[in-house]
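As written, the chain order gives the labels A, B and C, with residue 1 at the start of each chain.
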Amino acid sequence: MKIPLFRRGSTVPLLALLLASAAAFTALKGATDRIARAKVPGSSIIYVPSGQFLKYAAFGYRALAADLLYLWAIQYYSTPTIDDRFDHLDHIFAIINELDPRYQDPYEVGSLIAVQEARAAHDRRRDDALSVRLLRSAFAILDRGAANNPDQWVYPFNAGHIALMTLKDFALAETYFERTMKIPGAPEFVERLRANAMFKKGDLKTAWETWLDIYKRAPDERTRKIASNHLYNVKATIDGAALEAAAARYRERFGRFPADLATLVREGLVGEVPKDLDGRDYVYDPAAGQVRTVISPWKR
Amino acid sequence: MADAIRIQDLRKTFRLGFIPKPRPVLKGITLTVREGEIFGYLGPNGAGKTTTIKCLLGLIRPDAGAVDIFGRSSLSPRSREELGFLPENPYFYDYLSAREFLAFTADLFGLARRDKEERIARLLALVGLERAADLPLRKYSRGMLQRAGLAQALINEPKLVILDEPLGGMDPLGRKEIRDIIVRFKDQGKTVFFTSHILQDIEMICDRVAIIVGGRIVKEGALSDLVSERVLFTEVTVAGVAAEAFGGLGESLSVQGDRVLLKVFEEAKVGQVLDLVRDRRGRLVSLSPRTETLEDIFVETVTRT
Amino acid sequence: MKIAAIAGITFKEAKRDRVLYLLFFFAALGIAASRVLAVLTVGDRVKIIKDVGLASISGFGILMAILIGTGLVYKEIDKKTIFTLLSKPLHRAEFILGKFLGLVLTLLVMTAAMTAIFLAIVYAHTSRIEAPLLVAVGYIFLELVLITAVAVLFSSFSTPILSSLFALAFTLIGHLSWGLELILRKMGPGAGRTLVRALYAVLPDLENFNFKTEVVHGLPIPPAIYLSSFLYGVCYTAFILGLAVLIFRRRDFI
């Protein structure tokens, strides 16, 4: 005689109970999910302790803790409903950096988030205080990246780029680019960016010398052309500034701008009328007293 | 009237271990216990006695075969309504007192409150635990635990009592008491199914026995059918007579000082030995006839298989 | 009532478990330590006290549920006391339910004790008995009930250590399964998505019982969620217990 696996009498109700309860809890889960619950986004942030402490609390799993915190941070910063989410940006990324100093992505992404948001704060919200604070965070993150990874040129490079393009602190940009150039493997265009930063800073003499140096050492025609354009631009800027200053002095004396540039020589305000790098005359606008080149320096 | 226990072609194979290796424990047990008898279940260790009992109690699901208790399948909890069970080496909640433990088992049968108290008092008296009734079970000796176990097995006034090694670990006095209780069950019309390795106990109180060896019943029947009244041989110890004098009358087993132990196989020769002793002015020290015992049958069966 | 008798004996046994008191001690310590932590913060101290207190009740409650839940059923089998029980006219379902209810009763007492300490400390700071906190505690208890059922399920066929790990894994999965929703949003349609969707529907979602944040911040809780979360817990528990009975009925006790 065979013993049935289950005694049918009580197994059928039991299986029915199992199926019914499974169906019920699945349906209820859907129903519960549909009920919108009030959330306090980012309320957890005050419990993120310092990296120093976390380093020990994570036992041997520091890198994993860094990964998890990084993943969380990305979600956190892409949640637009948390208004004050940028208040702790440097703190949070400092923790991630402390946990895993050689983890490269957080430095790049963290500084990127900071810069993006700084721009948005400046352009859209007109909140310059926040903008400046965020930019400072971006530099702090990149400085940590550079300190922890002295072999990586991207951190000072990115910092220089931010200083040049966003903060428009050209002296700062110049120092960052200078630092970048000293790291083996840094691309040669950093040198040009540095020269550009010098030019924008207003240090035209050094800019001229640097571009001239680049021009002489140029390994290929393209670089030579770029350097040449910059030299043209630097010279045009120096000449233009001198002519316009003379024109302004002329106006102080006679109450109007001179009719042409030769007048300035006659009045002894300039020694001679300079030509541009290609030997052409500058174009003078007597109504505004302004000087410009015949063509754009970048379209020669 | 239904038989108390009917087991038909019961089979069970265990698959244990990380890589399950089938180990057949019961290879087709068939036996019947009639109502009102004391049934002894006998076998060496590992023969399948406890497994059979666990199938009876529904603790183990058989692979094949049927087990009925008073006509109800052992797979149904209702089959255990008129059954009492004493496990081998009983383990109970050791922080409970005997009284609390009995109250708990009474609740499992859903006894009414008044019945419960009356029955607990009676059972405590029956097993002789009245004075220790309020001590926690962890302070009990093995024998006392066995008595507590017997009391809980009787809480529902069962018609069938299953006892796994009920006399194990008890002092001789305690053994006699339990034995007396078992015999009294029979007077009360209860059926008793019990296992034991102490053969004299089975011999003394059983109506019928079954011997299980290696998962099979090798012998089953009324005790009187299995054991004959025939005298196998007589052991005679005499003093003051030289062993050589008995040549031909019996086998001389040992000589100690002037004492001789003889094994005499024919009853007629016993008289001749006694005559010889009287003639030689020797002294008769002891004389005991050995009839066939369950042990003989058991040893014979076990060694044969 | 047979189930009540088994529940009673389970409660009595659990009361004697030293692990329970050890965990209770730590929970009380945690709740009390919230006062110390609160000193360190700038701003709302009561918030930290409530956060840490509720977390202690829930965390140590879960540990209690798992450790005594897996321990007691296994002990019954290991010490062979179950032979005496199951040789009575007792359905195995009655045994499982009795054990479960006894454990739930134990946890009820423990949760009540922890909550009393918690409310007393909050009262010391705010001089108010805050009823909404009880809502959070109530749903924590519902979660403990479900976890107890899981502990009973696993210990009906496994050793205490494995069962504890399984039950702990269940709890972790239950608190992380909402992450699947994030993954679902980023997945393209296909078999993988269907699988994740099915997993998301079936895996326990213990966040449904988590009202800690709402209660601490005094946010409105939509009334409908009380009922649906409660029913969700009840149905999930029924399912787990049904599964436990199904497995336990087939088990041999050697």
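Methods note: a contact is a pair of C-beta atoms (placed from the backbone, for glycine too) under 8 Å apart; a residue touches a chain by one contact, two chains touch by 3 or more.
Here the structure is a predicted model, which is why all the values come from computation and not from measurement.
Counting hops only between chains that touch, chain A reaches chain C in a minimum of 1. Using CA-based centroids throughout, the chain positioned farthest away from chain B is A. With centres taken as mean CA coordinates, the chain nearest to the overall protein centre is C.
Separating the centre of chain B from that of chain C, both taken as means of CA atoms, is a distance of 48 Å.
Distance from the chain A centre to the chain B centre is 92 Å, each centre being the mean of its Cα atoms. Shared contact sites, meaning residues of chain B that touch two or more other chains, fall at 61. Along chain C, residues 91, 250 each make contact with two or more other chains. Not a single residue in chain A touches at least two other chains. Listing the residues of chain C that touch chain B in their complex gives 1-2, 4-6, 8-9, 12-13, 16, 79-81, 83-91, 250, 252-254.
Chain C makes touch with chain A in their complex at residues 41, 91, 93, 181-182, 201-202, 205, 208, 213-214, 217, 219-222, 224-225, 228-229, 231-232, 235-236, 238-239, 242-243, 245-246, 249-250.
The touching residues of chain B, when paired with chain C in their complex, are 14, 16, 51, 54, 57-61, 77-81, 83, 85, 87, 89-93, 95-96, 104-105, 107-110, 149, 152, 156, 162.
Considering their complex, residues 5-6, 10-11, 14-15, 17-18, 21-22, 24-26, 28-33, 35-40, 43, 46, 75 of chain A touch chain C.
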